[in-house]
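Below is one structure, written out as structure tokens; comments come after it.
Letters A, B and C mark the chains as written, and numbering starts fresh at 1 in each.
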Amino acid sequence: MSIIVDNVSKSFGSFQALKDIHLEVKPNTLVALLGPSGSGKSTLLRTIAGLENPDQGRIVINGKDTTGVDIRKRNIGFVFQHYALFKHLTIRENIAFGLRIRKSSEAHIKERVTELLNLIQLEGLGNRYPSQLSGGQRQRVALARALAVQPEVLLLDEPFGALDAKVRKELRAWLRRLHDDVHITSVFVTHDQEEAMEVADEIVVMSNGKIEQIGSPAEIYDNPASPFVIKFIGEVNILPSHAPLFTNNNHFGEEIFVRPHELDILLEDDGNSSRAVVKRIIHLGWEIQAELAVDSWELTAHLTREKFDRLQLRHNQTVYIKPSRVKSFREDSVAV
Amino acid sequence: MQKIKSVETWLIIVALAYLALILIIPAISVFYEAFHKGVQPFFEAIQTREFTVAVELTVIIALIAVPLNTVFGLCAAWVIARNNFKGKTFLVSLIDLPFSISPVVAGLMIVLLYGRNGWFGPFLESIDAKIVFALPGMTLATIFVTFPFVAREVIPVLEEVGTEQEEAARTLGASDWQIFWRVTLPSIRWGLLYGVLLTNARAMGEFGAVAVVSGSIIGQTATLPIFVELAYKNYQTEAAFSAAVVLGLLGALTLIFKEILERKTKIKEV
Amino acid sequence: MVNIPYEPPMEVNTNQISKFISKISIPWTITIGYLTIILLVPMAALILKSSTLGFGKFWEIATSDVAISAYQVTFITAIFAGLINGLMGTLLAWVLVRYDFPGRKIFDAMIDIPFALPTAVAGLVLATVYSPTGWIGQFFTPFGIKIAFSQLGVFVAMLFISLPFVVRTLQPVLQEMERETEEASWALGATDWQTFRLVILPPLIPPILTGVALGFSRAVGEYGSIVVIASNIPFQDLIAPVLVFQRLEEYDYVGATVIGAVLLLISLVLLLVINFLQKWGSNYAEN
């Protein structure tokens, strides 16, 4: 089941939340909408769901134009950030809700609910109330409730946003595995790049109501399409283009970007490097972060433990740095 | 979309119509009835001796009952919010009890206790003290029906503020008295004021409980609310509405202050 | 009651302990002492006085014709007022929380009028507005419906004084209710009516019932507004609290005591019901 968002725009009063969005979600993939808050990712998701109506453009689900069609008739599974479980109903009844609305037979409901309870690994807790479950358990129930009616697409709004770090990590690995089993076309919203990288087949990076880039996690990281994407995904050193470093490179625009792990540290000048002073050494466990000063600019480099031991860096030591890759963007945001 | 909007409009209309019929129109009519013949009858009415006595009595009773209930309310709130003990829920229900008891029954209790045939009747007669059909009894009745307010409003505030600030003050060497005045009281002041406001409104407006113990003699033991009833039953409609408008203004002021305090404290309670 | 539960902190010398006790005991003493003088002794007076009558006599007075009719008028009217306010109060709370319209804040503040307006004044204005020639009463006169000075008047007064309870108990619950659960219900295919019946209404039942019970309890005990708007004729529109008052005026202390004791008993039972409803309502709440 594919989803096509065709030139959709949406405003709330004078605030334009979505600006001419075009997006195609391929069948059976898991896509992440990634962006900072206010970037329009949640609005886009709610528009796909039919909780918001677009001012212009179309939403096509599985070849059918669903623009203006009520959410009730779209056969969509929606999972909310704060679970939105029905507090007065037990877990079983929460999962059964959509089936009851569809007037399924009792036998079928019972069978399906049991099946889903197994899927979310909460077999014994069917008769509890939502308030008796932990956050992670509640979110799994919310997912089961959405899946119970066998929706054509599954939409998740910051599904792990309200959970603590550890549960989050577990749940997203679980969601990935679940998707590999169920293969339902899914779109989820997140502001956490690591989450998007880990779970999604494809990432849609959004900012200010526009799509900045669409691509696989590797593409997004290795070939960011705009200064926004390179700044938002992963760590990066930003220098003004007039900085007297790496002058032998061609670059465009006002800023140049260097990833910390793509900044090499040498003990001797090889004629192609710049002089720097080690200001601070931070042990991050599996890697070392070195903060360096070049004239008045500060840069961060990441190096492996092995390399660090070989170089034996010390505070205030003079070293030479050489980027293995430099990124810059033309004014029209085309990457070079 | 259009259909939903019209349902919404109809619900609003029905709800507000009911509100108007039951509350708003009657409330507005106080001011209309009092002033529709101009302000002259009103000023004449409020200058009568009976009226002045009623106002004085109402104010005196409130001046005694409100401070006493404030002190009690603060103590009770402290006991409940700052201590854990068996029977705490019971104590809370006990404090709330006057809200469930009919004011007439409250007045009756006081008559049974301090009246001529009451428990303390003979003793009071022997020392020539009069409680029932006099100011002390009316004050007691007022205290009875109004004592829960302060405790009720202060308990949640006190619980929310927590003990950290008080402990901090203690580590800085403040005495209990200093802690109360400089730390606890400032942090609960809006909740306390809210409770005092409600106490005062009810104390000045209480009718049933006070009527039972007052003997309702106009010009002697009639408070403003009793004056309203007596004047009305004696077909002195103008006098009744003049007193009613004074109480109505008190009610309006109470509502306004209540709204202000609710914005400050974000509490909204029955 | 007067026993103060107190556990001395460890490793404290006696001087500190006595200091601690002296500190703790002032609020405790005032609380317990005040409650005893103001509440407990008077209640004891009423209960003991009625118990000295003996059961036979008590029962005879408590179930006399005029008393039974007064209970009937009181309870039947209060039940109807409770039902109407349960319905209209829910609607008002819903409209005030969910919809935006001009003057919403002012209408919201006006809900508290019955708490702020003394009951005698309420009775006076209701009697005037609902009298046969009054602002509202005149529209009922052509149909031969008399509101003030009849049981209908009692009903209107009870509607007035018990209206805020349902609205004010329901409002916070409605405010805390997440809009997302409704969207979740729609996403699962439920219609507006199904969403209301299956998702919105069930958590609201306990607060609605609590509000109705609070209002009912208030209506059953109400004296001030009703004595003014009713004609207080036995077997017609005489309510139980007014009957207590009339008995006292006739110096029939025994009669007043018995009916007063019955009212007290009823209010205690209602208190238990309300406590139960509040517990029930808090079951759904998150901890």
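Here, a residue touches a chain if its C-beta (ideal position, glycine included) is under 8 Å from a C-beta of that chain, and two chains touch if they have at least 3 such contacts.
Keep in mind the model is a prediction, meaning the values are calculated, not measured.
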Most centrally placed chain, judged by C-alpha centres: C
Taking each chain's C-alpha mean as its centre, the one farthest from chain A: B
Computed distance of Cα centres, chain C from chain A, in Å: 53
Gap in Å, rounded to a whole number, between the CA centres of chain C and chain B: 15
CA centroid of chain A to CA centroid of chain B, Å: 57
Interface hub residues of chain B, defined as touching at least two other chains: none
In the complex, chain C residues that touch chain A: 178, 180-181, 183-191, 194, 198-199, 202-203, 283-287
Contact set on chain B toward chain C in their complex: 4, 8, 11-12, 14-16, 18-19, 21-27, 29-30, 33, 71-72, 74-76, 78-79, 85-87, 91, 93-106, 108-113, 115, 117-119, 140, 143-144, 147, 176, 198, 201, 204-208, 211-212, 224-226, 228-229, 232, 240-241, 244, 247-248, 250-252, 254-255, 258-259, 268-270
Contact footprint of chain B on chain C as seen in their complex: 1, 5, 23, 26-28, 30-31, 34-35, 38-39, 41-43, 45-46, 49, 88, 91-92, 94-96, 99, 101, 107, 109-129, 135-136, 156, 159-160, 163-165, 168-169, 171-172, 192, 211, 214, 217-218, 220-224, 227-228, 241-242, 244-245, 248, 253, 256-257, 260, 263-264, 267-268, 270-271, 274-275
Touching residues (chain side chain A, partner chain C) in the complex: 49, 51, 70-73, 75-78, 80-82, 84-89, 97-98, 101-102, 129, 131, 142, 145-146, 149
